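The next part holds the structures, each set out as structure tokens.
Each of the next two complexes has chain A plus one more chain, namely chain B in the first and chain C in the second.
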Partner chain A sequence: MNFSLIEILAAGSATLAVLMCGITSLKAQLQALACQTALFAGICVLVGIQQHAEHFLILALVIFLLKAIGIPLFLGWSSQRMGIQRDTGVTLNPGITLMMGFGALLAGYFLTPQFAVQSAGNPICAGISLALLFIGMLLMITRRLAISQVVGFLVMENGIFLYGLTQTHGMPHLVEMAAIFEVLIAVLIAGLVIFRINRSFEHIDVSKMRTLRH
Partner chain B sequence: MNNYLLLLFNLINLIFIPLLLMGVIRKVKALMQNRIGSPILQPFYDLAKFLRKSETISQTASWVFLWNPLIGLGVAVIAVLLVPWAGPLLPPSWAPATNFLLIIYLLSLGKFFAMLSAMDTGSAFGGIGASREATISMLAEPALIIGLGALALGNGSTDLLTIFSNPSNPFIAGLVGAALVILALAELSRIPVDDPTTHLELTMVHEAMILENSGPNLALTEYAVALRSCLFFGLAMQTLMHIAPGFYQLELFPRYIISLAGLLGLGALVAVAEGVMVKLKWRSVPNFLAFGTVLSLLAALIAVWPK
Partner chain C sequence: MNKLLLLALCPMIIALLGLVPRTARWLPKIAAVLMIIQLPIVGWLCSLIAKGEMLAYGPFVMDGIGTAFTVITTLVAVTSMIQAAMILPAERIMENPRMTDRRFTLFYTLSALFILTMYAVPLATHLGYLWIMIEATTLMSAPLIDYHRSRGALEATWKYLLLCSVGIAFALFGTMLIFASQHGLPGGGTMIFNHMIKQAQAFDPRLLRLGFVFCLLGYGTKAGIFPLHNWLPDAHSEAPSTVSALLSGALLNCALVAIWRLSQVMLASSQAALVHQLLVPAGAITVIAASLMLVSQHDLKRMLAYSSVEHIGLLTLAIGIGSGPVFILQAFNHSIVKVAFFLLAGNILYLSGTKLLSKLSGILKTVPLWGILLTVAAFAIAGSPPFGVFISEWLLLSKTFAAKEWLAAIMVIVGLTVTFIAISTHIGQVLFGKKINPLRSAPVWGWAIVPMSLLLISLLAGVSVTPSVMNMLTNLVNR
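Now for the complex of A and B:
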């Protein structure tokens, strides 16, 4: 019953990820993503304090500035320029997607023993990072707009980051930074591509792009 | 001894607090809409007025319609007396009577008779309202049981008195509290699930059910609804209070006062939310309730997560 602060923050991020499955307003979803990433920055600081390594603090700062503030602002700005406010699922309504998000968390819970690193001593975070991977995938599958699929990709990336942070004894500084900048570049490129798609097709609805012939 | 005095004080308060809560909600909602609104004590005047009026009863109505307000009020009074919605006032030996499943079933019994009486009058709206109410409660009840069950798992007891006398995990308490607020909005037929002030045939739920009630019958029904609001908001408030670890260590009396203030505050907050939100389409109501269910499920999952 007594969870450590890291575990509570991770559980909070999992809660936000599950709730993101049911949110259809793009703005609210980006806010949830920002809050979730800010929680990861908090986890990063706590891990740094635990392992007495100050480069984690720099990492947390970079995460907070780039991933929690920069990327959601960029995505919000571009969706505003394209005039998109709401995204509904293609095949599933938000209520069922919410339940499936909880199912993903349940899968993470049952797969915890297989994926947790024993020496790291933090099995809960392993389960939650797996669940975040599944939820990110679910978001990418069920969402119709290209911009929501970028959000799903970022949730997946957060899951991988949490796994690396809590199940290893600290990744090399350079690797973490490189991963963050790679994500940043990927999101920027995705944003530019979505702009191009919007200009050529006048919508970014991927369900209507089955036939990309002209 | 002090506790028994407080219990007596609470019994007297039971007459005033529910109606005051309704008055506060109405007043804040009026202020949100830039109206002056009726006075805070208006529900008291309304009740007195309804009790003096004579009653019109549909020709097809049977004993169910006549007895429904008494059954509803009786069930609500028993539930309000048992549930520690204003802090654990009852002596600890009463704990087995406050089992949360018993409370949920008591409330369902009241709702069952409300639906029967709505269909009893032969009015078409009664049938619509009863059908919608049944749908909403069918969606809300599992979430309620799972949410309170998560709290029970955390405390090792299904008795609400024991649950609210002991500390809970703040994270679980937060999730369940949020779920309870969502479910309270649905169970009490408030915006965004139902608009309690509308009389538009296509959208009303609770109002459609009590359309045929008049006079003392309506007065008792309204009072029972006020009692149920008190119970649901009080439960949500007690759960949310457990986020602050120092709360359960307080003496009973300050706790009681804080609870009442919190109850009225939550009512005002709900009124503000009603001011800025719109009613959902009937088709989107299950999606709204799914948030409550998922929050409850998450709380339950965290409660069983092994260390």
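Now for the complex of A and C:
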């Protein structure tokens, strides 16, 4: 079986996502996120070369600068200022989460025929983007700290972008840019809210925020 | 200049003024006046639409649904901002010096931008821009919920931001799936709804169906369809009442407009069965679940939030049976009454310092006027004649029976009955009983004018719905 370079990069990002399920150190997790997003920038460049469209190169640059460097740096800086290093997870320990991450990858593989666009090539990428969606959700559910939940959200977002990149004939690039920009603002607002949570609750453990009841 | 841009003029001025902290003393009044100016502007634009003129700015087009929801959003925004001009400065005196000028004026900037994004959603006739605008409403409104900066407000903000972001991420995935479903078309497909509807037969049904399901999950989270409604009661109860009114009266409609537009694409692609199978049960279950949760409420604003969830269920049902006029009418009636109700709840919260139902009693003796208005609002929202909500719920039920959805119709009837009992019991507790000692004094008549006029509009809407009005709405939807 021959794999294209795009598929190999996507597989690399999926491996990193599974690894993230088992990592408890916040710093290592942010580094994994940065690497994963950098791989996406690479995929974006490859897609641009394949389709002979320059705007993919600009998109790749934006993804690399904002999402692969900017956001992890911002989150790392915030966690450092709040003195947080580790997220032990809430219901599942990291080992079990890691296994479930593999399960998500498997689920993505089996769902590939449902989601892939045959004419676009790279059907494996459709499965991988689904797996990233699942893993992002898994991270959001099993992690305790508000910052790790943001990381989970970004993994989800990466998976969705992978799908848009590899399975469509290029989304209108204005829409794509705006979407990236909005993710950036969402992360900034989340960061501000996390700071405020840290100040008024003296922790950012989301599982302990239970004032509001139904 | 493009005429449609006039819609954005007044909110933009407010947003810019809000950037200057020195305006804090007079900004509330200026904002109210500017929003009142918005009324004739929207009226003029509507008269142009009625004459058959096309108003468009890029992908933002004032089509039938867009016009209807622009009117609803305008009414909600104007009334909320007028009430805000009265209640927020008074509240601020209580909270000083925790509330700085900067924070106060920034609240106005964000409110104005929030209103602006809510104008943009129903006008967006492009799948991608629709998504962008809905995400923008989340980003603009999240800081508004945290206005009071209490722990509860912070928790609600976090929940809102996170759940709605995840929901909107699902919607983005759905958007991409729908775009990918056009892989067979020359040029890679389109995202403009009108073009999509024309070419819908050539879409890949497998990806289109998946895309619709993902979009429904995403926008359904934003609208608060059961069981994705978790953020809604928290955000509505912790936000300042004027923001709750905006959230409930305008924001929830926005997400439903998105679902409506997508359902039109699905119908054009002969996928009506899926729309029907998903939305009718979702709506009916939401109505009955919300009505059951209404029974055990102990917080006035939370109760109103669950009542909103119930009405979202009714609106989802209206989309499910494909009745555009009923959808618009029900959205209008619910928004008008719910805004009045939230503003009254805000008044009572200010007066008594609590929104706990167990601590509120004897409002009818303490402030008779507010008590009477509260009674009227409770009857109106619970769907009693002759108010607008009754008419639209009646029409919805008859359409549901006509569509032979017996189970859904019965569930809705049970839900509405339970709601009626629950709301009258809770509000009865607030109205009667021992007189409470007001914590502060408030201008009774001044603060009652806005809710009173909204309830009057609801009454008018109830008595003026004739077959000719329904015909007009049908024509509007088909434009």
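Going forward, the second predicted complex is superposed on the first by the 211 of 214 C-alpha atoms of A that agree within 3 Å, B and C clash if a C-alpha of one lies under 4 Å from a C-alpha of the other, contacts with A are read in each partner's own complex, and residues count from 1 in each chain.
Note that a contact is a pair of C-beta atoms (placed from the backbone, for glycine too) under 8 Å apart; a residue touches a chain by one contact, two chains touch by 3 or more.
This structure is a prediction, so every number in the text was calculated from the model and none was measured.
Applying the stated clash criterion after superposition on chain A shows that chain B and chain C can sit side by side.
After superposition on the shared chain, chain A has more residues touched by C, the comparison being chain B against chain C. Residue contacts after overlaying the shared chain place A:V18 against chain B, while chain C stays out of touching range. Residue contacts after overlaying the shared chain place A:Q149 against chain C, while chain B stays out of touching range. Touch criterion not met for A:L57: it reaches neither chain B nor chain C.
Of the two partner chains placed around the shared chain by superposition, neither chain B nor chain C is touched by A:L66. Figure note: vertex chain A, arms to chain B and chain C, all at CA centres after fitting on chain A; angle 150 degrees, rounded to a multiple of 10. Shared-chain residue A:L92: touches no atom of chain B or chain C. Look at A:I8: by the touch rule set out above, it reaches chain B but stays clear of chain C. In the superposed pair of complexes, A:Y109 makes contact with chain B only, with no contact to chain C. With both structures placed on the common chain, the touch criterion links A:M140 to chain C but leaves chain B unconnected.
Legend: residue contacts after superposition of the two complexes on their common chain; A:G101 is shown touching chain B, with no touch to chain C.
Chain B and chain C never share a C-alpha pair closer than 21 Å once the two structures are laid over each other. Taken together, the chain A residues at the contact with chain B in this complex read 1-3, 8, 11-12, 14-15, 18-19, 22, 93-96, 98-99, 101-102, 105-106, 109, 124.
Chain contact summary for the complex, chain C toward chain A: residues 128-129, 131-132, 135-136, 138-139, 142-143, 146, 149, 151-152, 154-159, 161-162, 165-166, 169, 172-173, 176-177, 179-180, 183-184, 187-189, 191, 204, 206-207, 210, 233-234, 237-238, 293. Listing the residues of chain B that touch chain A in their complex gives 154, 169, 171, 175, 286-287, 289-291, 293-295, 297-298, 301-302, 305, 307. The part of chain A that touches chain C in the complex is made up of residues 114-115, 117, 119-120, 133, 137, 140, 146, 149, 153, 156-157, 160, 163-164, 167-172, 174-175, 178-179, 182, 185-186, 189-190, 192-193, 196-197, 200-201, 206, 209, 211-212, 214.
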